[in-house]
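What follows are several structures.
In what comes next, subunit A is part of two complexes: it sits with subunit B in the first one and with subunit C in the second one.
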Partner chain A sequence: MNDFIRQLADITGSGFVSSEPEERYLYSMDQGTMSPAEPDAVIMPGSTEEVREIMLLANKHKVPVVPMGGGLVLSGLTRALHGGIILDMKRMNRILQINPKSRYAVVEGGASEGMLQAYLKKHHPELKHSMPDAPPIATLAGNICIHGSGHLSVLGGFHSDMLTGMEVVLPTGDIMRTGSCSISPDWFARAPLPDLSGLFIGWSGTTGVVTKLGIRLFPSYSHNDMLIFVCEDADLMPDVISRLTGTQVAEDMTPWMTPKPEWARGFLHINISYGAHSKKELTFKRNLLQASVKKYSDQKIAGFLPMPPTEKSRFLKIPSPDLVKFADIRKGGGFEYVGAIMAIEHFAEAYRAGLQIARTYNVSYSMGARIIGAGHAMMFFYAYAFNRADPEDIKLAQHALEATNTAALEIGGIPWKSELPAQKQIINKMDQNTFNLMNQIRSVLDPNHIMNPGNWEK
Partner chain B sequence: MPAIKFDPELCASCETVDCLMKCQYIEFAGISDAKAEKLKINAGENSRVLNECLTCYACQEYCPFGNNPFYLLVELQEKKGILPAPKPIVEEQLRMMSPKGRITRQKVRSPVVNMCAFPMLTGCVRGKLFEGASVISGNDIFCNIMWLHFAKNSVIRDRVPKMIDNIMSFYLKDSKIDEMVCFHDECYGTYTSVAEAFGISVPFKPIHLFDYINRRLNEIPDLIKPINEKIAYQRPCSNRLSPETDKILDDIFIKIGAERVPRKHDRENALCCGGVPRAQQRDELADELVEKNISDMLSTGAKYCVFNCPFCMATLGQEVAEHGLMPILVSDLVLIALGE
Partner chain C sequence: MSLTKKSGKSGCYAKVSEDITMLHEEILHRCFRCGYCKMPSSYIDLNCPSYLAFRFETYSPGGRMWLLRAWLDGKITLSKRFSEIMFSCTACGNCTEHCPFPGFKDLLLEAFTAARGAFLDEGLVPAGVRDYLTRMQLHGNPYGLPAKKRADWAGGTEIAPFTDQEYLFFAGDEGAYDTRGQEIARSAAKLLAKAGISFGILTMGENSDGNDVRASGETALFEELAKNNTDLFNKKNVKKIITLSPHGFNAFKKDYPELGGNYQVFHYTQVLAFNMGKLKFRENSDPVLATYHDPCYLGRHNMDYYSSRMMLSAVPGLKIAEMDRNKQNALCCGGGGGNFFTDVLSSGNESPARSRVREAKATGATIMAVSCPLCAIMLEDAVKAEGLDGDLRIMEVSEIVNDRIL
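Take a look at the complex of A and B:
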């Protein structure tokens, strides 16, 4: 291994490779409940060419490679389960191109959400991209590869739907492109070609390393506002969501349910964000949203919270600071965020299952969802905070997590960015031919099985 | 708890029905139409007024007999389960504004200024104007008058006596103080008009902020540097419960050299800031009220838009500022005149 590490250093320079125990420890875990797994080394490539050389070397020596963006996935997907190297992409963080007319950006595989947000604010204030509520150091590539969602997901769907193309280094060292950039200098779309981007999205880093990608940008409005809808009956939520998304004016919709503060316990809220180029247009959009659920406000069983403009500013912050605040509620640095992608009609079942699990395991919870598209799906999340210094607390959170994944699957949903045990649960429920095809694809792309081994295996 | 102080015979004998005829939000075909609706309310029957009421408190001021028409209307709304706002909104507000039991005994000295549930405005109590003042605030001394907007007289009956008890036991009694300055019209209205109408006894003397400021300015006339500016005043709904204090405000403005410009929507014709209709899910009406208020202010050439209600300021302040007027509280305007 020492010789291998020396060869890695020849590729990136010794300053960007480490097999020191400190680095191995830090890279052995994320903030979630999965137990640590140390890599043999960590390497930070600075270019696609360096990634290619690393992959050639790793493939030759059959050394496992775990690609990593921000390392914030919380489900342990960037742990080196079979040792090997963690390929930390954060040095490859350049924003390569902004196309304001066709509204897309091309960035390197380690560029972060926060960097693109800041870059656009400074150089293209008329444009924005869909920010997730992860800390801004989360990478665009990582978030797209896990089918993330964010502040424009009602408008644009999953972040993977906003992908326009990719440059990927395969485990064999081949560099390939997907989408229009494989033919044209422009990274405008994945259509009309066979959609090879799908070979790298949702695979938890088991098929290749994303070194560049194109993503859609959207108009950044000069006028922005938000509403908070509130009701007491979870069974109303699918219809409410359907009506609100049916107006096609919201950019983002995030239901939330939390027992703290006390006034919010038992109520179901939906934050709805929207923007416009003028105040008149903004008011028009608000009226459309309100009219869509007038049936319920007229019955006085639900409605929009009255909020003076000054109180709205915290809700208009992107990313939202609220989840991060909740993450530290138990202190001790432990936070698990379990999402499940499911159809919106299962909202009430998902909510009740979460309440039951929180009661059973006595865990601090916060539940919510992000609506995808015009009510086409939702990412329903259960967030459990725990104290990492308390083994019992960790165990409770782990049990809650397992129970949540089981419940999500029973409801008809699919655990999102699933950790190892949940991957196995999904595989058990998955159509066998689908899983066989996944394995066949992987053996073609990664004949030596070096990419993030341990994931998506029976 | 006693019923609302109300004389039905006096009401029935009223020839003008000002309480409804002067209402700026509900249309009546004429006095007979208004009277018919009023008599229905008095008899505890359904009236469209129960559903259409904006809860602006103005009828309390319009009634020439001080016969508490608004409190009676809210009583009937609650009895009939007519919620001006959706139930979950009311329920959340009830929890949000509930007493928290976090009050601690505190030695205070005169003047004691009650900031109610707005501790964030404590910084307004400063300088020569409030020299030596003790400030009290928090949910445990919340005046609870807001429930008039939500058809919840029962909450007023339940919580106000507890708040009064808290004020006495935790602050005033041990400090041997028997009066308290109400920074907000709402508190003053609670401890005077509401308390009297609801039969709630108040063991201290509430002092209206305007009364306090006016007296204080009399004590320090040499410190006043007239601001010589035109101001548009946004009179809040809760000042309808103590209309006599509006004249004191005129005295204050004169003393500090502020010209209270004549507005179409001031004094008896003051319009709601637009905050409460949003809770009632009547945003388009709220927009209209905001627009009317602002265009009215702008037409006067005023430099400042002066508020005494923090909620009005939160509702209108940003809009006012975007239109070039400076939003400011009465007390802060006075502080400017005092060079602070």
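Take a look at the complex of A and C:
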């Protein structure tokens, strides 16, 4: 291994490779509950060519490679389960191109969500991209590869739907492109070609290393507002969501249910964000949203929460640092969540399952969802905080997460960016031919099985 | 077994048998490693100097928190690498500024300082840190030069020894011993005199303010340095101090009071900002575009973002172009926490100083104004390394003003 690490250092320079105990320890885990798995080394490539050389070397020596972006997935997907090297991509963080007319950006594989947001605000204030609720150091590539979602997901779907193309280094060292950029200098769309991007999305880093990608941009409005709809009956939620998304004016809709603060306990809230180019347009959109659920407001069984503008600004901050504060609710620095992708008609069922699990395991919880598209699906999440210094507390959260994954699958949902145990649960439920095809594809792309081994395996 | 009283030489940690405790250890596991500490509030770039330079997660504030917890839990041991990770922190305060956890954010730097104390007690420090502290111990300054030369910088000027003037002017280590720092000290003193400020300097007996010694975790040495200064200042009946360096300003203002040193403390820009009206500027000055680099110990640590800008805005013909990372989001030059002398951060392409001068150049400014001698020297070196000589000039704010007054 020492000789291998020396050869890695020849590729990136010795300053960007480490097999020291400090890096091996820190990169062995993420913030979630999964147990540590140490890499033999961590390497930080600075270019596609360096990634290619690393992959050639790793493939030659059959050394496992785990690609990592922000390392914020929380479900342990960037752990080196079979040792090998972790490829920390964050040195490759340049924003390469903004196309304001066709509204897309091209960035390197380690570019962060926050950097693109700031870059657009400075150079193209008329444009924005869909920010996830992850901290801003999270990478665009990582988030897209896990089918992330964000603040424009009602408008544009999953972040993977907003992908316009990729440059990927395969485990064999081949550099390939997907989408229009494989033919044209422009990165405008994945259509009309066979969609090879799908070979790398949702695979948890088991098929290749994304070194560049294109992502759709959207108009950034000068006037922005939000509403909070509140009701007490979870059974109403699918219809409410359907009505609100039916207006086609919201950019983002996030239901949330939490026992704290006290005023929120027992209520189901939906944050609805929307924007406009003028005050008149904003008012028009607000009226459309309010009218869509008038049926419930008139019956006085639900309605919009009156909110002063100062209070709204907290909700309009993207991303909101308030969300990570949940990690300190038990003064223990840990939280993990099951985000299950499911159809919106299962909302009430999912909510009740979450309440039951929280009661059973006596865990600090927060539940919520992000609506995808015009009510086409939702990412329903169950977040559990735990104290990292208390092994019993971690175990409790693990049990709650396992129970939640089981419940989500029973409801008909699919755990998102699933932990190893959940991956196995999914595989068990998956159509056997689908799983066989996954394995066949993987063996073609990665004949030596070096890419993040241990994931998506029975 | 564990100790509640931290009794190491540094006073920061204790070790009995296999059990170790550390000051502020109760916050270490509460860090989520969300990474807000790595960036400015706009997220436009990285803003943690050591993370920017090294890029491994271990070199980020969150990485340090988790490593320290692992050390206390016996999962990793103190090592040379670990020591470099801890001492590469410049104590710039970007992490405390942007950490979203109000329950412990204010203690982040204190925890790192305590941990550095542990490394010192174990004798596991980078050679540069060891040599820096040795010089401080032996000579009372980081240059290892004789104390009697401390006032040489004022030679040939009309600066008077301190007797009963309103202010003591404290030039600090760089102002006293570094050639470039001496120029800046003379420039600031000249401007103070022009503005009619009554001040004098000590010619014998003072030593380093110790600010960066404290940040390095060597608490006992800091207290020794501070005691020597406070004894002298009190004996001389000093009531008000003007410092050249924001580092000294920070130490005198925040740390000396609990060691018996109670003074009204000002950075020289704070005194001059309100006396600019007393200065007569030359007419028809050439227009110039300048950008201003906030020093961490004046800015984030003491929240003064405006004194220097007030001085600059009084200069006819000078316009300020702000860098993306400014005020509470300013990128440190990399010289804090003793790194100016210890060079743990080194001077590679992604060193904070080089990143900072590239950012300054991008504003279109031809002058990068500074109000800290450490920043001035760090950034001047970076200008050379970046090949920006002739395009970007580092100037201390009093130098800019002196250039344009009658």
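Couple of notes before you dig in:
Assume the second predicted complex is superposed on the first by the 458 of 458 C-alpha atoms of A that agree within 3 Å, B and C clash if a C-alpha of one lies under 4 Å from a C-alpha of the other, contacts with A are read in each partner's own complex, and residues count from 1 in each chain.
Simple rule for what comes next: contacts are C-beta pairs under 8 Å (C-beta built on N, C-alpha and C of every residue); 3 or more make two chains touch, one makes a residue touch a chain.
Values in this document were obtained by computation on a predicted structure and should not be read as measured data.
With subunit A as the common reference, subunit B sits beside subunit C without any clash.
By the touch criterion stated above, A:136 is placed in contact with subunit C alone, subunit B being left untouched.
Once the two complexes are laid over each other on the shared chain, residue contacts for A:264 go to subunit B alone; subunit C is not touched.
Touch criterion met: A:230 reaches subunit B, while subunit C stays clear of it. By the touch criterion stated above, A:117 is placed in contact with subunit C alone, subunit B being left untouched. If you count the residues of subunit A touched by subunit B and by subunit C, you find the higher number for C.
Shared-chain residue A:306: touches subunit B; no touch with subunit C. Of the two partner chains, subunit C is the only one touched by A:90; subunit B is not. When the two structures are aligned on their common chain, the gap between the nearest CA atoms of subunit B and subunit C comes to 19 Å.
When both complexes are aligned on chain A by C-alpha atoms, no subunit A residue touches subunit B in the first and subunit C in the second. Touching subunit C in their complex are the following residues of subunit A: 15-16, 18, 20-23, 25-27, 31, 42, 44, 70-72, 88, 90-91, 112-115, 117-119, 121-122, 135-138, 321-322, 324-325, 327-328, 331-335, 387-389.
Remark: subunit B residues 83, 85-89, 91-93, 95-96, 275-276, 278-279, 281, 283-284, 287, 311, 314-315, 317-319 touch subunit A in the complex. On the side of subunit C, the complex with subunit A involves touching residues 29-36, 38-39, 42-45, 54-58, 63, 66-67, 69-70, 75-77, 79, 81-82, 85, 100-101, 103-104, 324, 348. Per the touch definition, subunit A reaches subunit B in the complex via residues 230-232, 261-264, 267, 283, 286-287, 290, 296-297, 300-311.
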